[in-house]
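Each of the next two complexes has chain A plus one more chain, namely chain B in the first and chain C in the second.
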Partner chain A sequence: MRRIPWTLLVFAAAFAIPWLGSRFYTFIATDVAILALFALSLNLLLGYTGLVSFGHAAYFGIGAYTSAIFMKTLGLPFWLGFPAAGVAAGLFALVFGCFCVRLTKIYFAMLTLAFAQIVWAICFKWNAVTGGEQGMPNVPYPDLDWIGAIPGLDGFRVGDRFYFLTLVLVALAIVALRRIVHSPFGRVLAVIRENPERAEFIGIDVRRYQLAAFAVAGVFAGLAGALFGIFNRGVFPDFAYWTKSAEVLIMTILGGMGHFWGPAVGAAALTILNLQITAYTQYWPLILGTILIVLLFAFPGGLVGTSVDLFRRVRRGRDAGRP
Partner chain B sequence: MPEPSFLFGQFLSGLTASMFLFVTAVGLSLIFGVLRVLNFAHGSLYMLGAYLAWQIMAWLGPGPEHFWPAALGAAVVVAIVGAAIERVMFRHLYDREELYQLLFTYALVLVIADIVKILWGTQQLSVSRPVSLSGGTTIFGTLVPHYNIFIIMLGPAIAFGLWLLLHRSRAGRVIRAAVLDREMLGALGANVGWLYTGMFAVGAFLAGLGGALVTPVKTIVPGMDVEVIVEVFIIVVIGGLGSLWGTFLGAIIFGQVLSFGILLMPRFSIFSVFALMAIILIVRPWGLLGKRLTR
Partner chain C sequence: MKRSASLSLAAAVAVAVPLAAPAANTIKVGYPMILSGPGALFGEPSLKGAQMYVDEVNAKGGVLGKKIQLIGRDTKGNADEAVRVVRDMILRDDVQFVVGTLTSAEGPAVSPIAKENKIVFIAPITKTDQLTAPENLHPYVFRSASTTTIEGRSAAEIMAKWGVKRVGTMSPDYAYGQDATKAFVEHLKRIKPDVEIVDQQWPKLGEADYTPFINAQMGKKPDAVFSSLWGGHFVTFAKQAVPLGYFKSLNHNFVGAGEAGSIESAKAMGPDYPVGIWSNTYDVFDWPAGPPAHKEYIARLKTYTKQEFPSSWPITGYISMQFLVEGIRKANSTDSDKVAKALLDLTIDTPIGKQTMRAKDHQANRGQFWGQMKMDPKYPFAVMDKLTYIDPAPFMD
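Moving on, here comes the complex of A and B:
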């Protein structure tokens, strides 16, 4: 059987969304793309290195604030603010990570949470730089005129143009993440996840690899945050709050952390579900909580993990009759 | 240099805040000590306690004399809810990774918050102070409400009571054995399952009691769950998760840092407690009085 290039198909389909002409679809697609990157960055820690970070929103928030400060306060262009967001988030992840990777299991989770709360507290109170409780509204859109100059892409609204930019940047980031997890470096991370003691015995500097993974995950979370700040038309302290960290964990688990695309699927499922359900009821958290409980008890592999299992079982059943 | 009486007042207000939070925090700490689970839903149980206290008072009829039965009743109901959650759901996650346990407790946060909204709406509710403690006494030129004095005395009383339970009773010996090695304890014939349920119920009782007791001085609002869990989380991390006196110390430090931090740097007092927590996690991850985990 020839392999179907699913990733390319999905990308092409996503790229075609603005032609549907609905502002709403573009809006959802932008949201999903950014959150997918955020969740995928977390999964580098969760699924690939086996580190439970309960403070990943910190790096999302740092990225968002960095790009907002660059673009709004300093008036610098997006192509400076965007990479700066990744660099800043990565640096903070490196510093915080130094302390976090010294701890194991639940203490690691708690320290990541503690650092995230510190970031939140700073964003919440440092009015002069972060706008405090009010956040930083009206983060400007990057200059998107050049997208209109590309043949075939003229005549789109600014939201659609930003979507094209987001989609391409997210796709590039995902390609980079995928290369990282399939590189020798990524393989070492998997060894650490499976058995840290053993990894230590065969001469791997476990903490250094964990720290590297933590910093890389921070970079990508920061990039996602930068895009989200612009998409959201403002940056707010909530971006770094612990409930946001829980949200991205839920996306990752919902999609399935055992598969590369799991978190992206989870981000899409959760975002679309949220929009569908909030149209009927204000009790979205109740439904999300219930979904999460069912998931944890019945489908710990998440959407992707469960469907892959199912698919394999069906195929095995079909092949069983043959020699 | 500010007036000594002003400083004393500040000290007392910090201490009151400490002891309010201690009641809830020690429940979280106990649950962690035995079950090794960080229960995010602890704040939700606290909120449930506050709303139930209000509800029971509303049922018993007007008048602040119903405060005590309401507070105790609320705590008991919350304890039952906690035990039910542990029995029906939580116990199936013990052999799973801590990520699943953490997320399960977070799912409870979401569910309980909405159930509270469905049952009691989103408007603020309030409860009046019990008659027996409605007055105040002037100490060193500061008027201290009797209710606050009661809370300041209740904190150490609860701590001492729990210490007696843990260190001077057979049940306490079994609980401490469970902290050390739950498998061995089970092998020796102790009923570890019910022990866990019991611990969860005690922890939930303390959360509910903390929530009920705070109602005369704080308005009852949705969102108090997430607010308090952050505060008690800081306290138990500073003092040492699973440590009784550590939690007590953590609560006192938290109250004082917050209360004097507001004087020194009004804007960043919340930051200072987070920073304190991070420093402690870096230097002594198991907390000031906690024990280092070998497993």
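Moving on, here comes the complex of A and C:
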């Protein structure tokens, strides 16, 4: 089988979207890119370590608020606010994770949810810093003039320029995530997912590894949050609300958590479906529920898992026919 | 990995299909509004009022020979979703104007989107002063709603006539409640310097048990109380306050801002309404002293909504759309920059009288109806007595 560099092709195709000239396509593409990173960060826990987090939006929200406070309240540049968002989200994930990894299964999930609700409540109530219920509208765009100075990229609108920046940052973050899951550290996480008791027996400090995975996932969620806050032109307490956690969980499961790119595909599918359907009806939750039921019963591997299976079966069938 | 890549490509192509070509002979107006959840009680009728006005204009041939198409979308009462919906409408539906949003979180969140896309945005309901405060004002944001300043000061004007000395406040602890209460207290102290603020209670928004706040306030023995508990929050509060003898202890010297006197609140409480208190509303279905235009408007509204006692909220949508259409007419163009300029100091004839969009702060001189609530044997709910429309023009600055 010839090896086609699909990832590069997709990146190139994504990079070309602003040339289509539609602000709407750029808008969707930015949304998808950011949410893909968010979903991929969750999959480090869900698919690779086997930890079900119901509160992943907390770190997304912390990242968004951190960068908004840096850029709007303090007037600092993006290249300080963006890493700070990752650091802050990672630190919070480390602290909350310390408590969460002491529990297992449903208790772990409930505790992540509890911490996320605390984060949400703080964002909702702390008027002086987070703007309370009204959030922080009008987060400034980073300085993007330098992108216009790059030959070939001049003449684009600010939204397109921000998309270029987002795409490159998200791509770098995804490369980093991929290296992490394929590193020895990532392999240990897979061992823990498959059999925590056995991992314990062979001398792996399971809790410490789980905590590390939790913190790393938090960092990437925070980075996604920082980008989303700017893209959304405002940061609101709902970023950390449990529905956001559920949304990213659905994206991951929809795309397929058994596959590295599954959550990214899930993010794209869910975002596009949502946009298309809410334009026609208010009953989006009803449709989403139906899709989920069909998915869980008919395609437990998610979109990617199912299509990979199908692809293999077709190929095996074809190979079987050969002499 | 390979499959996923081609899948995402396929998904990207799928988006491309439903892009509709913009019709040249319609003016598209986006109307983001709460259409689900508890806020829909106010959002739905507001959209209906806007639609009614649009239908009336279209029936007369539209504006500049173009029909208006109103696109209502649900914001679910949250700012994040409001921003999302508005950007979607601008980018995909090609709406040329945005009128809408309800809460004090939604309005200020949508305003920067209007600025970026150079699209005129008129807020029909959002009251927070921050929306058109000097640091947030830009050429494209306008408000046909009242403001927290207007509302607080109107209440102070009413209370100043009572000859009370010891005043308390009871307001929800968030932007709207704080802003309205601050405006009330400052204005009352200015026009009646001998008044003393003896107690301020700040229950959280959506509080379920007001008893501790009610008891604490009664302990301070105020002569009169100002409250900005709005909509359903007032209903919850009043139901708990009546049995505790709260309103009696105040001799019913209570001003409930936040549309506590609207037909929606009155219907929700029925015979339990604490009659005798003062309150406000955006509209009343029976305004005996009102101009003929208001009576005609109510008659049309009754037919349009098929309600015997129509809601008090359609007027918010009606007037905001009226400002937009008159602005387009005056500009003789649908160009956003020209319409934005035409709206400055534009005076229009609305069902509740003349309204002017002030050039200096893009704010209409929008007052509200105030009155004392009483039972009328004609209706199964409380209605307003001593009904007055308070024109805020003298005390807006």
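One rule holds in what follows: the second predicted complex is superposed on the first by the 321 of 323 C-alpha atoms of A that agree within 3 Å, B and C clash if a C-alpha of one lies under 4 Å from a C-alpha of the other, contacts with A are read in each partner's own complex, and residues count from 1 in each chain.
The rule is short, and it goes like this: a residue touches a chain if its C-beta (ideal position, glycine included) is under 8 Å from a C-beta of that chain, and two chains touch if they have at least 3 such contacts.
Treat the numbers as computed from the prediction; the structure is a model and nothing was measured.
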Which of chain B and chain C A:Leu74 touches, first, second, both or neither: neither
Partner chain(s) touched by A:Ala279 [first = chain B, second = chain C, both, neither]: second
Which of chain B and chain C A:Phe115 touches, first, second, both or neither: first
Which superposed partner A:Leu46 touches (first chain B, second chain C, both, neither): first
Set intersection of chain A contacts, chain C complex versus chain B complex: 127
Contacting residues of chain A [partner chain C, same complex]: 4, 6-7, 9-10, 13, 17, 22-25, 27-29, 127, 132-135, 137-138, 158, 232-234, 236, 238-239, 255, 259-262, 264-265, 268-269, 272, 275-276, 278-279, 282, 303-304, 307-308, 311
Touching residues (chain side chain B, partner chain A) in the complex: 36, 38, 40, 89, 92-93, 96-100, 102-104, 106-111, 113-115, 117-118, 226, 230, 233, 237, 267-268, 270-271, 274-275, 277-278, 281-282, 285-286, 293
Complex contact set, residues of chain C against chain A: 1-9, 11-12, 14-16, 18-19, 35-36, 73-74, 78-81, 83-85, 87-88, 91-93, 104-105, 108-109, 111-113, 116, 128, 130, 136, 174-175, 205
Residues of chain A defined as touching chain B within the complex: 46, 52, 54, 99, 102-103, 105-107, 109-111, 113-115, 117-118, 121-122, 124-125, 127, 242-243, 246, 249-250, 253, 283, 285-286, 288-290, 292-293, 296-297, 300
